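One chain, chain A, links the two complexes that follow: it is found with chain B in the first and with chain C in the second.
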Partner chain A sequence: MLRKSWAIGGVVLKEMTRRKDFYVLFILTAVLTVAMGSVNVFDDTRMVRYLKELCLTLVWLAVLVIAVTSAARQIPAEREHRTIFPLLAKPVSRWELVLGKFIGCFLACGIALFVFYLFFAIISFSRERELFLANCFYAFLLHWIFCAVVVAMTLLGSVVLSTPSANATLCFLAASSILFLGRHLKQIAQSMHEPLRSVLQVGYFALPHLEFFDIRDLVVHNHPAPFSAGDLALVTGYGALYTTFFLVAAWAVFRRRPLSA
Partner chain B sequence: MLFGLLSAAFTTSVSLEPNLRAGAKRQATEASGLLETLMGDSRRLFAQHFYLKADAYFHSGYYPSIFDRKAGETQGEAVHLREESTRSSDAEDHHENDGHDHSKDLAHKSDARKPGMEEKEHDDEHKDAHDHEDEDELKFLGESKDWIERFGRHFFPSTHAHLESRAEQNEILPWLKLSAELDPNKVEVYTVSAYWLRTRLGKVDEAEEFLRLGWRLNPESHQILHELGKLFAEGRKDPIRALNVLELALGKWRSTEPSKKEPDLFGLQQILTALVRLDEQAGRWSEGARRLQLLKEVAADPAKVEALRLEFEQKAKQGG
Partner chain C sequence: MSEILRIENLCVEYRTSEVGQPVKQAVRNLNLSVKAGEVFGFLGPNGAGKTTTMNVLLGFVSPTRGEAFLFGNNVREPIARQRIGYLPELTYYYKFLTAEELLRFYCQIFEIPKSEQGSRIDAALKLVELESARKRLIKSYSKGMQQRVGLAQALINNPDLLILDEPTSGLDPLGRMKVREIIQRLKNEGKTVFFSSHELGEVETVCDRVAILHQGELRVEGRVDELTRRYNCNLEQVFLKIVGYEA
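Here is the complex of A and B:
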């Protein structure tokens, strides 16, 4: 079963390398970062944290766009081009197809992240003259797990919603909202009236807390990672749990949907 | 013919040059006007955001969000950069006012050194009081209420810290500069930035340049003039220029503040205290006593100020 999924994932990865999304976003990130790095701030070139923050913000934006747009078009594109029929006739089960698409997008995000974080490390080192390698590694790892959850969520959206653009927009909004508000949802709920208060409180416990995977502030301010190996394993398991949930939900919806668009 | 062409080219370039220069200037003005037109008043929102960003950087990322602030507390009140700059000025000179809490701690505002008190004792007392207040104000996280909150605190800065080394303190400057560019009328940005540039980073020239830029854009600001006066007094060691600038600051205060519903008494205390310090250094006891009389009217502890004023008068009489 995994062999077929890996094969599908490989095809997705090759398709991603042919598309311009990653290259355009990477060049944009690099140009903006280098431009901001050349800004004169009171004739001092030693400032680096603002640059790290800008770079990481751009990396997060870019990879979120890559993850959502790549996952959003996978299954709808197969249905639209009618390539889904020969694919499922191979035979490849619907679960293998969903898993394969996920693996492809997940690996593509991983490669993109590796390149982005390598660029970030180079920029950091060139200004700070020291590299907090552990922080960079944890940031990369947690970001990749974040991508797994987002890709899985988007794949679910792609089989539920009618158009890839609507799916991409909703998933982008959902991921951004959870990132910014997830930690404060309970506080927001306190200021609301019923039934919205209950809805938000349920959402606080039910939704995936994507902000767990965002350690930009720790990286920017050079804090030593305050989490243990156990915490890292827990958050990885947390991400894997939601990823599995979204993938299983996507498969459950997909197996009941007609194949023609 | 060649000579004719050369003459024509020279004449054309000479006649076009002023127009091109004027066009470039107009473009620059239009560009900044364009930014203002496009962004409108949202520039000020961003300016305030970036100013708070500088404060967040000062605390190495440990900072309350808008959801963490207490009810009734606005964003502008939680700016410890300004308070740190005022607190540090107090530690440098005991006649300086304490800006940490306007309403509660007026005794510090025109604090004269207590007779017999050693400098270090006063510094330590001052520092302890501020650290305690800082900790209270920044305990915004509180106890975690559930496992999600408890677990989530591992992934962002959740301990209170200040930037200590010079290299680290540099890091707040880009946000201050950006804030000033977005809202040139935000006077506080110029004074706080100039303080950090001058005292922590040793960049007196840059501090003066930035203050002068702020003064050009806010000509009626007594706060900027006060900071400029301190720069001349402490940074350039030029008491005469400092005196002139501080007197100008006092004049600006008198022309702008009394008509307001809540005049900036703290600003007045700061200006008068700085002037008194200069009078003390120069031995102008009579002048200093006169200023202390003015200071007494707005001080929270007039008795202390009166004691100092009598001391000045005594010295003036002895001087003859």
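Here is the complex of A and C:
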């Protein structure tokens, strides 16, 4: 089963490398970072941190765009271009198709992340003359798990919502809201009256806490990572759980959906 | 001869999006079987239920009632599609891939061993005369070339049953002749072909048996020569009589 999904994932990867989205986003991030880095007002030493923070924020934004836009169009594009018909006329189940699409987008995000973090490491090293490789590696790994959750969530959205653009916008907003506001949801809930309080509290416990995967502050300030391998495994398991849930939900919606050739 | 394709009491109903509209019955109580080695023509006017039936056979649509089987496997199971080749009416292939990449991808889907993939791809491309364009992206192909890629992908797994949905639609006379040749060749090799077409002269030439569907119901089924003898006219006139067209 996995072999067919890998083959589908390979096609997704090939499509992404032949599209220009990734290259445009990478060039944009690089140009913005280098342009900002060339300005050093008042010879401020904090400029390096500012530059690192800016570069990482751009990386997060660019990779979120890549993850959401690539996953949002996968299944709708197959239906729109009707390539889904010759594919599903072969011994491929709809679960293998969903899984294959996930694998392709997840791998593409991994490659994009690697290039972006390599660029970040070069920028950091050029300014600080030392490199906190462990931090960069943890940031990369957790960021990749974040991508897995976002890609799976967007794939679910793509089989529920009819238009890819609406799905991409919703998923982009949802992921960034959870990322930046998710951690504050419990505090916000406490300041609310019932029944909104309960609703927000349920949201706090039900939504994936994407902020767990964001260790930008540690990387920017060069703090040693305060977590063990066990913590890392726990967060990976947490991400895997949500990813599986979204993928199974996507398959459950998609498996009985009629497709008319 | 063993049964390759079997349809039992198949009913497919669609709900229209308009409120208060009755359920649309696309296929009603269809029973059909195709034996190994037959070339079977599946005929009917537009909206008769041919494509819906093919959609059920290929697992795109679930039947409301009844069952369909390919090689004894229920069409709901992906394994039922292991030994079939499908050529859709229009070309729907990944345009960012080359013909060779596309065929390799389908080889992987059929789990054809890597050592065999190269020779299968070479043979398929040779058959459809696309060897010289194998490294070009499909988006740069002409319509005829894209149709030939479709034929190559339908044959890549050396299928025992070929399902063709109006295979000659939109092709020039040369392309039609090529498709006819391939169907004839498959027939000589003992393969089963199930196809829908509006080209009744072509159907009469290549088919052993035909079924004519009208308004979702099977109106007539039988050997081409028996039908033309029974109605004392050619297949086109038989078809017109069955669908109630009086000249």
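Keep this in mind: the second predicted complex is superposed on the first by the 254 of 261 C-alpha atoms of A that agree within 3 Å, B and C clash if a C-alpha of one lies under 4 Å from a C-alpha of the other, contacts with A are read in each partner's own complex, and residues count from 1 in each chain.
Please note the rule applied: contacts are C-beta pairs under 8 Å (C-beta built on N, C-alpha and C of every residue); 3 or more make two chains touch, one makes a residue touch a chain.
A quick note: this is a predicted structure, and the numbers were derived from the prediction, not measured.
Q: Kindly say whether there is room for both chain B and chain C on chain A in the superposition, answering fit or clash.
A: Aligned on chain A, chain C fits beside chain B.
Q: Scan A:Y23 for contacts with chain B and chain C and give back first, second, both or neither.
A: Neither chain B nor chain C is touched by A:Y23.
Q: By the touch definition at the top of the document, which applies to A:F114: first (chain B), second (chain C), both, or neither?
A: neither
Q: With the two complexes overlaid on chain A, check the angle at chain A between chain B and chain C, Cα centres, nearest 10°.
A: Reported to the nearest 10, the angle reads 160 degrees.
Q: In the superposed arrangement, does A:K186 touch chain B (first), chain C (second), both or neither?
A: Touch partner of A:K186: chain B, not chain C.
Q: Kindly classify A:K14 by the partners it touches after superposition: chain B alone (first), chain C alone (second), both, or neither?
A: Only chain C; A:K14 stays clear of chain B.
Q: For A:P86, using the defined touch cut-off, is the partner it touches chain B, chain C, both, or neither? Pick first, second, both or neither.
A: Only chain C is touched by A:P86; chain B is not.
Q: Going by the contact rule set out at the top, does A:R256 touch chain B (first), chain C (second), both, or neither?
A: second
Q: Touch check for A:K4: first (chain B), second (chain C), both, or neither?
A: Only chain C; A:K4 stays clear of chain B.
Q: Which value in Å is the smallest Cα separation between chain B and chain C when the structures are fitted on chain A?
A: Here the least C-alpha separation of chain B and chain C stands at 41 Å.
Q: Of the residues on chain A, which ones does chain B touch that chain C also touches?
A: Common interface on chain A, chain B vs chain C: nothing in common.
Q: Inside the complex, what are the residues of chain C that reach chain A?
A: Per the stated touch rule, the residues are 51-52, 54-55, 58-62, 78-82, 84, 86, 88-90, 92-97, 101, 105-106, 108-111, 150, 153, 157, 163, 165.
Q: Help me check something: in the complex, which residues belonging to chain A touch chain C?
A: Those residues of chain A that touch chain C are 3-4, 6-8, 10-11, 14-15, 18-19, 81-93, 96, 256, 258-261.
Q: Along chain A, where are the residues that touch chain B in the complex?
A: For this pair, the touching residues of chain A are 39, 41-44, 46-50, 142, 183-184, 186-188, 204-205, 209, 211-215, 217-218, 220-221, 223, 226-227, 231, 234-235.
Q: In the complex formed with chain A, which residues of chain B make contact?
A: Of all residues in chain B, those touching chain A are 57, 60-61, 65, 67-68, 145-146, 148-149, 151-152, 154-158, 167, 170-171, 173-175, 177, 197, 201, 203, 206, 210.
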